[in-house]
Structures are given as C-alpha cells and as structure tokens.
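The next block holds one structure in the form of structure tokens; read it before the comments.
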C-alpha cells in the first residue's frame, strides 16, 4: 500500500509539475484556423448563421461552439470545404438557419425609394449608393445578396432578384447519368 | 431531473448519439470482443459500470479540478476505476476475465468514456451525468449485444454459448442444427468489421427513412403525428 | 525539294474515318446574301464588343458596328450594307441555347462597302498594326476565336518560328483544305505579314499528309519563303500544342504561352484574314464554312458572319431527316440549340446531323477503368481519374490531376467502351471551377469592403465623438417632436402590429405620391449643394429610371446592366460609359491625392464607385443629422446611429 | 491535453506548484482506492487463479487420484529444456500418501501448422499417459483446431481423448496416414502430427528420468 | 442533349466482357477434359447466382436492370470464382462465394466500376478463411466420374482421403514441414506433373492461349502479366538457386496453382487494378512478390488471391504516385 | 537477429494492430478521410507509441514489478503516456514549428487511442525485454500508420463511388476495413516460418 502511494506520488508530482509549468509557459497564441475558415465562408455577412458576420461565425466554428452547417449562402459546397478543412463529417445544411438559394442581388425600386438611407446603413459591403432623400441604387456588382437591406426599408422598395445566366457565365450542366429508374426505389 | 431531460438523455445515448453507430467511439472493444454474445454483453456491462462511476466521480469532483490538468485527472480517475473493475472481474468472474483479456484495462482508453466525462460530466450535476453515462453505455451495450449475437450466430449457429461463465448452470442455445457448417469468417476480424458496417448501414437506413417520413408528413400537427404513427403499420 | 525535316510525334490520338472527300469535290462557293444578318457582339474570348450603332441606323458593308472592350475583345463589323433593325438578345451559336445580344441588320442588297484603307505595313509600328487588327475584328479562325493581335506579340526572347496550322485534323471539315488550294497566295501573304509583325525567323506550314493538293498548292506558293511540312494524319495533329510538338519537338506546358518557347501558331484562315485586313483594309466579315453531314451536296461556302445556319445548310440540300446542326467537326463540335443560330467567326463547319448519321449516344455505362482513354489522350492525362473526380464533384482533386491541361479534343470519349461523355464532364468541371473562382473573388472583395466599412465607421465614430453629444440632443428633440405628430414612432420593422401595418401602407402611399409628384414636376430639388460626383451618379440613376424598358428586364429578368453586362442597350451603355469615364477620371484624381487605401485591388470601375460613395459619405457628414427642410417628407424614423 | 488555457498571471512556478499539489492529491486518493481494492480482492483472485489451474489439471488427471497440494509441488525446467517440454516450464507431481501418482508436464509442440502448440501432459507413474490438454495454439480455426476439445466438433469422443491410457511406443504416435496410430480430422494431419510427437517426446523423456523427477525438492530447478 | 464527340465506335463494356468470357473458354474446356465435367456444373451454378444477385441488387438500388446485367461483368466474376474454387465444393459454398463477390464486394460499392477490391478474389479469400477444409479438397485428374462429382457438389458425404489429393502447392507447403524433406523428393510423389501439378499444366497452357487472345484484342495490356510472371520467376528463381531443397523452382511456380489464370484474367481486372503504365508494372510485380512470400512462408498454400487483395489496397496510392508526366510537363525538349 | 525481424514483421503485417489485434480503431476510422491527415496522425502515433512502449517497460520493470504493484500498470502507463504526448508537443513546438504544424493537432488525440495503452500492456503480457518492447511498439505503430495511410487512400477514392445510400460514409468505410483485414489475413504465418 505504501509503496503504491510512493510510486504514484512520484509519478504524479513529476507530471503535475511538468504539465502545470508547461501550461503557462507554452501557451498557444492566435489561431490561424479562424483565417482558414473565414476564407471559406462566402463573406455575404448576412448573419443567417446566427453570428453577426462571417468572421464571428468562423471564430465560433474554430472554438467548437458552432456547427459547420449553419451558413446558407455557402451552401453544400461550403459545408463540404469546412468538413474537409476540419476533418469532420459532412452534414446537410441546418434547416433552422435557412435554405440555399440561387445568388440574388438587391434591386431598389427607384420610383418608390424615399431616400431614407436606412438601407445604406444596413448594407455591410457599401453596395448601395445614394444620399439622404435621394433615391438609392444598388451597385449590382458589389451586392452580395445578403438581404440585410430588405427589412429596414420602410417602404418595402427593395426586392431580391435572382441573377440570370448569360452566355458568358453559363455553366456546362452535369451530364445526366441515366442509370436510375424513376419510381423504382427500394421499398 | 425532469422526465423530459431523462428522455432526452436516453434518446441521445441509445439512438441519436449512439457511441457505436453514430459517434464511432469505443470501437476496439466493440469489434474485438463481440465474437459472441456473452463476451460482448459482459464487456458492455463492465463499460457501463466504469462509465457510470467515472461520470459520477467527475461530476462530483468537477469543481475541484483545475482546468489545466483536467484531462490527466480524468484519466487518473478512469484508470483507477477501471483497475477496480478489472480486479473485481479477476476475483469473481475469472474465466470471463481471461476471455476479455486486455480489453478491460483498455476501457481506460476507450474514447467514449473520456469523451463523456469531458463533454458531459465535467459540466453537469452528478445525477444527470450518471444517467448520461448509463444511457451511453447502454447504447454501446446494445450494439455490442446485437453485434455479438449476429457474429456468434453466423460463426457457429449458437447464441449465448459460454453463458455458464457468468451464470453457472445456464446454457447457450444451439440455434442452427448440428450440421450447420459454420461461417468462421464472422468470428474473425473481417466479420467484425463487416457486421458493424452493415449495422451502421441499417441505422442510417432507419434514420433516413424516418427523416423522409418526417418530410412527407406535411404539418407537425396532430394529424401529422398520426400519419407518422400509422405508417409503420401500413408499410 | 529540301531535305526532310525531322518530325516528332505526340502520344495518344485517334484515327477516325476522314469523311472529307465529299466536300472537296467542288470549289468554294459564295453563299448568297441573306435578307437578315444577326451579328453577335460576343465573338471573341474576351468581353463582348460595345455597340456603336442604334436601331434604325444605316450601315455600310465593313463598317465597324461594335468596338472592342478590353484587351481580349475585338471589333465586329457589318457584313453587308443595310439598316440596323434592333440590338438585343438573339439566338446564339452556343450550346447553352441562351440568347445573347446581337445587332440585327436588314440587308439592302446593295453591298455598298465602307471606305477601305489598305495599310502600309512596312511603315507602321507593330503596336499600331495590332490595333488595326483588333479593329478589323481578326480572331483565330482555328476554332478558339482568340484575338489574333494578342498572339502577335513576340515573346520575351523573340519568336523564332511561326507555324501556320493547315492540319485540319477533324473529320468532315475541309474549309482549310479548300482555302489552301484556292487561295494559297493569300494565305502565304498573311503568313509573311505575321512573320513581319512577330519578327520571326522562319515559317513552317504544317499540313496533314492526307491533303496532297493543298500541300502542293502551298508548296508552290511558298517557294523559299516558308517550309511546307506534311505531318502524319492523326487526330488531333491540328491542336496547336500537338502541331508545335510534331514540327519542332517543343512541348508547351499548360499555363505557358508558346511564344515563351519562341513559337507561335496560327490557322491558315487567320493568315488569310490578316492578309485581307492589312493588304486590303477589309475587316473580318465572312469566312469559309464546310457544310457537310446529312446533306446532298457537301461543299465549302464563303459565308457572311451573321447568316442564319439554316440558310447556309439549305444551299447544300439537307436531307429531310436532319434533326440538328453541329458547329465544328464531329470530335469537338458543339450541338446548336436550333437551326436559326447565326454563323459566327468560330464556325468552321456546319454538320447536319440525323439519327442515323450521328445517332444518339449509347447510354452511359460505368467506367471500368480500362485505361483506353489514357492511351488515347494526346495531353497524356488520366481521363478516367479526371472523370472520377469530376463526376464526384471533387474539383480540387480533378485539378490535381491536371484538369486544365485537357484540350477537350474528345479522343478519350471516342475510345471509351463505356460510352461516357467524358468531355462533358470536363467541361462541367471546368466551368464549375471558373464559377467558384468568380465567387471566391467576389467573396474576397466583399470581405475587403466589409472590413473597409467597419474601419471607416470606426474612424467616423471617433471623429464625430466630440459632436455626438450635441447631435444626440438634437435628435432627441426631433424624435420627441415626431412622437407628437400624427404618425407615431413605431418602426416599420414591426409588421405584426396592425397599426404599424396600416401606417406603413400610408407611408408607402405617401412616398409613392411624392415620388410621382417629383417626377412630374421637374427637379426643384435640394441637390444644389451636392458634389459633381454625386450629381453624376444621380444623373445616371435618373437616366436609368427614364428608361423603364431598357436593360436586362427584357433580356431575362435579371438585374441592371453595368458596363460588362452584354444586355445593356447602346444608348444606356453610351451614357453609362461616359459616366464611368468621368467617375474614373475623378477616382484617379482622388487616388492621386488621397493616401492609398485597402481598396487598391479593386477594379478601376469599382474604385470609381467607391470613390463616389466616399464622396457621398463626406457629404452626408457635412449635412446636419436631421436636416428636415421639408418636415413631412422625412418619416419619423430613428436617427441614424 | 491542450495548453490553451487562460493565462492566470505570469507566475509559472506558483501555478505549477498548485497544480502539482492538486494532481498529487487526486493521485493519492485514487491510488489508495486502488490499493485498497487490490488488497481486498487479492485472496479471491488467488483462489480463482488456482481454481483455473486446477480445472486444467483436473482435465488431464482424475481429481481423486492424488492427495497432495499439487500446485505447490513442482519443479521448474531449466534453460535447456528437454525435448517436448517448454523452456521454464513447470512439472507438478501428484502423490497419494507420499507415493508418486503422476507428473503433470507443461509440454510444447513447436511444429504446429501455425506455430507452437502449448500442452499439458499428465503421465502416470505407471508410464501411461493419463490425459493431454491443449492450453494455447494458433491452428487454423475449423481445420486444425480440433486438437482443442472445446473446438472439437465431436463432443462425445474428442480427438485429444485418444491419448488417455496409452502406453505404447511414442514413436508410433503419428497420424495413420504416416503409418502411425493416431486418428486425425478432415485431412489436417499436421496439427495431429505435431501434438502426437510432442506428447511422445515429453512422455519418453519423463519416463527416462525415472523417479528423479519425483524426488527433486519442491520448487527446485532442473539443470 | 447530345455532345461531342459524335462518333463513338467503341465496342461497349459488354463487348469487352464478352471477349474475356470467350478467352476463358479454352481453359474451361481443358479443365473439364482433365478433371471432369463437374466444373461445368459449378460454372452454371455460379453464373445463375451471379445474374440473379446482380439483378436483385440493381433492383434494390433502383437502377435499370437490363443494361447493367447485359454488360456481362457479373458473369466474368462468376466464372472466375468458379474457376478458382476447388471443383468439388458443395453447391452452397459456390453460391455463398458468388454472393459475397457480387453483393458485398461489388454492389455495396456501387456496382461495376466502383469496387476497390477484386470481387472474385475477395470471395475466394473469404471462403478459404471460412472453410479451409472444404477449400483444400482438390481432386486428381480423372479421379472421379461425373456422377460422383455431381453427388459431391450436391452435398453428398465426403470421404476426404478418397476425393482429395492436395494441390501441389499444398503438398509442397506441408511436405516441407516434415524434417528432411526436399523439394525434389516431394516432386516425385503423385500430384506433381512434369512442371506444375499434373493435369494443371494443360489447363495453364489453355489459359495462356486465352491470355494471348486478350492481349491481341487489346482488352488487357502486357504490363501486368509480364511484370507478374517475370517477378515471380525472378524471386522464386533466386530463392531456388540459393536453397534448392527448400524452395520450388521458378517453372514450378509459373505452371502451378492459379498462376496463369491470375496473370491474364485476375490481376488484369481493370476496375480494381492500377491504371497507369508504371502503376501496372508495380501492381503486377507486387502481387508476384507477395504471392511468392505467402506460398513459401505463409499459412495459406496459394497466396495469389490474398496478394491481389493486398495490392488492391495499394492501388489508389500507386495510381496517385505513378501519374505519367502530363504533356509539356516532361521537361524534355523545352528550351 | 531474425528474432527481432520477426517481431517487427509480425507487428506490422501479420498481427497488424488495426486489422488483427483490433486496436486503435477510433483514430483509424476518424482520421482517415484525407491522406495528408492520415500521414500526420501516423507519424505522431509512431513517435509516441515507440517512446511509450519503452518508458512503460522501464516503469514496469524497475518500479512496479519489484514492488509487486502490477495492478498499477494501467494507471501508471496511461499517465506516463499522457505526459509523453504533452511533452512531445512541447518539444516539437519549440524545436520545429513546422513539424508542430503538421503533427500538432493529432497529438492530443493520441491519448485516447487504445493502441497506445494496449501495446505496452501486450508487451508486459508477452514478456518482452526493453529492445523487444521498443521494436514491438515501433512495429505496431508502423503497422498502424501503414493501415491508416492505405485506408485513407482508399477512402479518398471511395468518395467518388456511387455507394448505396445507407452505406455512404462510415458504413462503407467499415466494409472496406473488413476487406482490408481479410487481405491482411494472408500474411498469417509469415512471422514464424521454420
């Protein structure tokens, strides 16, 4: 009994001291992971993930507080990349945070706009131009489609318009694989 | 603890976060010891015991454990409890002890034990922590039992052979006839991997079908539940 | 005869049946002038041309009707004289089936040329020559429609060898063959001009050895000026990299330009077009097109750009079961979405297809990894791996396996026993990768702008810290006053309350009425103290407002057109261009004055816009926080924080 | 194990001391728990172990045939083991009223199909084999593992039982196929041959030793 | 919509598989001639099971059944399973093996083209591990008439010593465990023919013929068979030269067991094998090396099946590391 | 000499930790989705396990056995291994930031790899001496690394396969592991030929 206590005391003392010392001496500084995660997020800054922007969400993921499937604009592809980076399982987009939509841009109905500047303040990427009491316009190229400007508008003049394909932005379709028989799923 | 909490813990441990099927933790004993049902269930019980004790101990002591040495302390606690269980098996179920071999000491590194201690017991009160451990352990035990049963049945056509090691006087079942040629592979490592793979697939299939049904059921109202309840009968 | 040149060879390749004899039986014919010509604005790899005419304008043959926009763009010209009917979305010779902006001409049958100015090549500096070629609309006629003026820049170490590509390796196509037979002198003259511009030392003309007449004609024309080399017939010997390899032994890796290796390669048609552009001042308004396949009289025609394909094929007598057109050869050609798409500069052949001639592809079977594709691939790729990863949408891996080295020659799909449309998978993967790159760029830009905005807000906050107290007081007073007014201070963001709802409606009605009134009564507005920039912006927006029917709303319901959007109508585009130019100038001036900011990486245009916004901000900061000169106009909202 | 804890001041030494002290406390408490359990269960464990060994011995030697404390009455084989016997093996002596009854030898067959086969051979004082048991082997399951009676499909007359009572010349303990007298199962001759030869060698050696093995003092080591 | 290339002369997967089946016919004929028609029963049994299993799996997975069954790949697998099992195994063993091949090794991975392991060899390995006794009962040529064979296949009583004469590899492996035995002495005994096992030499020659057909029809390339046979000859030759009493000579290794069947029909399985030229050489050589090791030192007499599976495991890495240089990246003649 | 060779061959191939001894499966399943991470995890485990095997032997041989403290094995081994993990991390962090970047995130995971405790316990059970313990530890972890890398290669390829729905993900990975362990059974016997 005594020998047991002595032996374990020795081991514990050595290890406890070493770890306690090490814990203070070699603190891990900074977290490059956040940058890597942030680089994957779409930077829409829409807050649908439940965080006030992409960077905070990235920090939350890195800190283990958030799941990787909370960003609807990033969609399935984004989740896949995050899973890859973090070595986690791919999951479907969390329903409570929204659904993946085709990219849209905000369009201000200029007839209706009263120039209140509320949307300008809401837009996280300065994509809206206009001054007080001037009707405002969205610079299409800069708009990330975050929809943050839609709610604040007092006259509901902002609508989200999905972007149509042009010949230049057209993507080749996934070649259809005609292997599956419709309606013949396993019962 | 409320009923609701209890059900939540039970559902998590038994199904949603099942260690063997969903979290894929504690795989080594799961695969190595499930050659027959008796071994599997025995190790499962031992694991439940260790998990419950260690969760209880950690939940009680959690306020005294400094953050920086929490993991060494957790390991210390688990290892001590495992040793206690190991000694107890050695003393009172000696033949079983011989069969389970190093897998009793290995409960220490069984990731699920440390995972539950770290993720649950370190943050929750004693009672719920213990329940959580028991539920998680039971989830693992369930998988162990199914896996052990399937493998034993395929390999030798028996069930619960060797039960006399635990319950003297009881005897196993010869399920298939005497001339069953036996599928030895099931008792070997490939059979373990394969059977667990199929169990996981079955688990996925059930979950997928449930999810599909939930999608089909239009509203989460009373009739939605009804549709969900009647579906198993009709399908 | 010279001593035989040592030829090299490339791996892989296939030998499909040539099917060329039928269309070389008769000489090149000139296709008759159609009544209507559709000239797409987008006919080169870069951006679409900017239209220079408006609906109703009269144009002459060869008149420039679209100007190059950016380095990889070239001009487009009226193929014949007539009237501009409309400028707008039209069917396009593109597999997507999407409409693209085009200039539609009604021909007047007079074929009246605009004034043509031959160029004194010797006395013109190369840069000017390149500009002339750009404005003559010269692009590569070998299929890639890459602007030739860009390729005519000598590499870092000069260009040693100019290769003229007369290989024409695709089955069915014979337009280069016929061109070389009938217009060898012009081709050679074009080659000499390019040699001059590139300061190249030698010209090699590579022709597949199954075209003896073309070889003979070119040899006769070349004399000692150029070396005409017969190369073994094997598809894709005409691929630029493969031909360079065969003739010189040089392998040009992906991502490198052949000029870096002292070689440059042009199609024979391109050479001829350059000869016409420089020697006769004649822009690229027509090209040779092989019409073959399911037609009674396969033949080569000289066709005006913009002629509907249906009319061209009609000349060759299509058989009744013709169900589709293919632009290009059977290996690399693209299926056309309809019969009425126009001939474009990329149209080297139109193959009429029928269910028997080009039967629908057999169903795709699983890849059995037999490796036949890898053996056939002239780029030495592992097509099966590319396929595996493209199919799984694992584009990162596909790129690791050199997806972008694939030249889309189709050899792999040709030999694949599983009948997998391999090239389609690669095209799919490539366009997804490009789309992702665009998204990534957009995300990076958005991040920068977001960070910049946060930074600016902080700065403004601290600058205004002193004024804040006073302002708060004022705002509070205003709010109190507003609270007493008939419209209480409920915010519009609470739609649940019926009162708020009604109020919102009222507000909208009021705002609408105001806006309309504003429009009706010409602008006695409070814009007098705005800066020139802001005014320009507003003018642009006003202009847009005046034209409700313009831009994309008709095209496809998409959003407004910035200058890059091809759907912009000419007038709007012109106005916008002017505005943008102004903004640019302003921005540059501002940039010169202001300290460098973290927006430098943005495009000039975007920077201009940011500059405008900045200006506006400063403006707004100068304005009193609650200016309220017309109290009823400003709804009682929370003061900006 | 991460070192990512909140820094609690720069005094590393003090923190280290404090954590060490707590660690120590935990260690002491839990070591004490273990030590206590160990001492509490020790008798039961010893008993179980002996029981297990006796269970094996009982399988090769009828329990009533001797009256000494068999497990304490053994000699150890030296570093140069005799043929058929394991290095460092024990040989237990069963006696009735002090008279030799049987030897229980830890034997070894080095040439099984998949390596060594460990055996327990009981050799009566009359030179007859009393029983043989396989204690460890790696023979192919389903083919060569019939040498272990628990795996033998024929539960009524297990293969290994055929050694009991034999006193004939060990040289003939070969599979019938090799001209010996041993039966074998499903063509798996190697396992049978290996076991037979090992038993024969061990028994032959022990017989040749005569009473020497019984007379050596308990716990002594043979040269 | 239909895309380029618009010409597709390739024969289709069915054509490829049909060639393989045809190329197997000479081997099967000689097999039946030497060892009796029992093998034909097994082939039939395996084929029916394979087609049924393939169709059932496709249906379960909601795929078009006709096209995929029509590609004949299941038949190739079934024939190769039947040809690698001993010809007298009971019927249920053949059925079980084919089910493992088609269901577990092929369709759980998504069917044709996706399986990382050679289905036939996976089934063979599973069977030899599960039923080593049944799997080592090989008859001598001309030993049993068709009726007796049929009876055994249908599950009749098995008197092992009457029906089985261990294969030469087995005999060699076990024989060498007897102290003092030498290869030469052993080869005087019955199962050994002039070079390989008696009777098997002829079957091997017929497989060789089929292999040349596959080579001529470009269904397979020379890399794998050559690397495999050369390496096997090389390692066994070196060992034999060093210690002729303990190691069998190279021609014995080449002519016995499944060597020739494996060389042309099994290791060449395109789906589970390496695909790059260098990769194929490594793959073939690796199989030979591992197979020789297992034959000479391992617990199982015939190591080719395990060697194939083991090299299957390495295929992704081999393929990754042996990518041929892409056009322009050779670094050869650029200036 | 060949005795030591057999220990290594036996530990790497014949009694591969993962496929035959069935140890270390959680990281085997968890960290094998990408080749790079598999290599990192393998290297980290090899380092720690080899050291752990050696130091466990020393503790057992010089501290526990002389004092009849066999029951403290589990506890002392795991504590020492945890300490080794931690110290390795510190040493690497200080001496080679690059290596730390590669291995850093795997080190903490190693403590819950049951091979890390299982191999030292097996060492004791098999009565290995110091050199044998080290070789056995090294061989086993090399076997773990080999299994992990090969498995990761296969899994990367499997990502593209059209696996039936319920089998996607871990189920098919398990089945792949089953075939791999079947293949490794072919090595049976290679560690004790005559």
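Which chain is which? They are A, B, C, D, E and F, in the order written, and residues in each are numbered from 1.
Note that in this section a residue touches a chain if its C-beta (ideal position, glycine included) is under 8 Å from a C-beta of that chain, and two chains touch if they have at least 3 such contacts.
Fair warning: this is a prediction, and the values are worked out from it, not measured in the lab.
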Practice item. Would you mind naming the chains that touch chain D and likewise touch chain F? Key: A, B, E
Check your understanding: Among the chains, which one keeps its Cα centre farthest from the Cα centre of chain C?
Key -> D
Study note, to complete from the structure: Per the C-alpha means, the centres of chain C and chain E lie apart by a whole-Å value of 55
Check your understanding: How many angstrom lie between the CA centroids of chain B and chain D, rounded to a whole number?
Key -> 33
Exercise for review: Could you tell me the distance, in whole angstrom, between the mean C-alpha positions of chain A and chain F?
Suggested key: 37
Check your understanding: Could you state the distance in Å from the CA-based centre of chain A to that of chain E?
Key -> 52
Check your understanding: So which stretches of chain F touch two or more other chains?
Key -> 30, 71-72, 75, 79, 82-83, 86, 90, 111, 156-157, 160, 162, 167, 169, 172, 175, 179, 182, 185, 188-189, 194
Exercise for review: For chain A, jot down the residues that touch at least 2 other chains.
Suggested key: 4, 8, 11-12, 15-16, 19-20, 22-23, 26, 175, 178-179
Point to revise | For chain C, residues that touch 2 or more chains besides their own | key: 363, 366, 421, 424
Point to revise | Residues of chain B that touch chain D when the two form their complex | key: 64-69, 71-73, 76-77, 79-80, 83-84, 87-88, 90-92, 94-95, 97-98, 182, 184, 187-188
Revision key, fill the gap. Within their complex, chain F touches chain A through residues 30-31, 33-34, 37, 59, 63-64, 67-69, 72, 75-76, 79-80, 82-83, 86-87, 90, 93-94, 169
Point to revise | For the chain D and chain F complex, residues of the former touching the latter | key: 1-3, 30-31, 34-35, 38, 111, 114-116
Exercise for review: Over in the complex, which chain A residues touch chain C? Could you list them?
Suggested key: 38, 41-45, 53-54, 77, 105, 107, 110-114, 116-118, 121, 124-127, 129-135, 137, 139-142, 144, 151-156, 161-175, 177-179
Point to revise | Complex contact set, residues of chain C against chain E | key: 8, 10-11, 16-17, 95, 171, 241, 245, 249-254, 256, 261-262, 324, 326, 328, 330-335, 351, 353, 358, 360-363, 365-372, 374, 378-382, 384-385, 401-402, 405, 410, 413-419, 421, 423-424
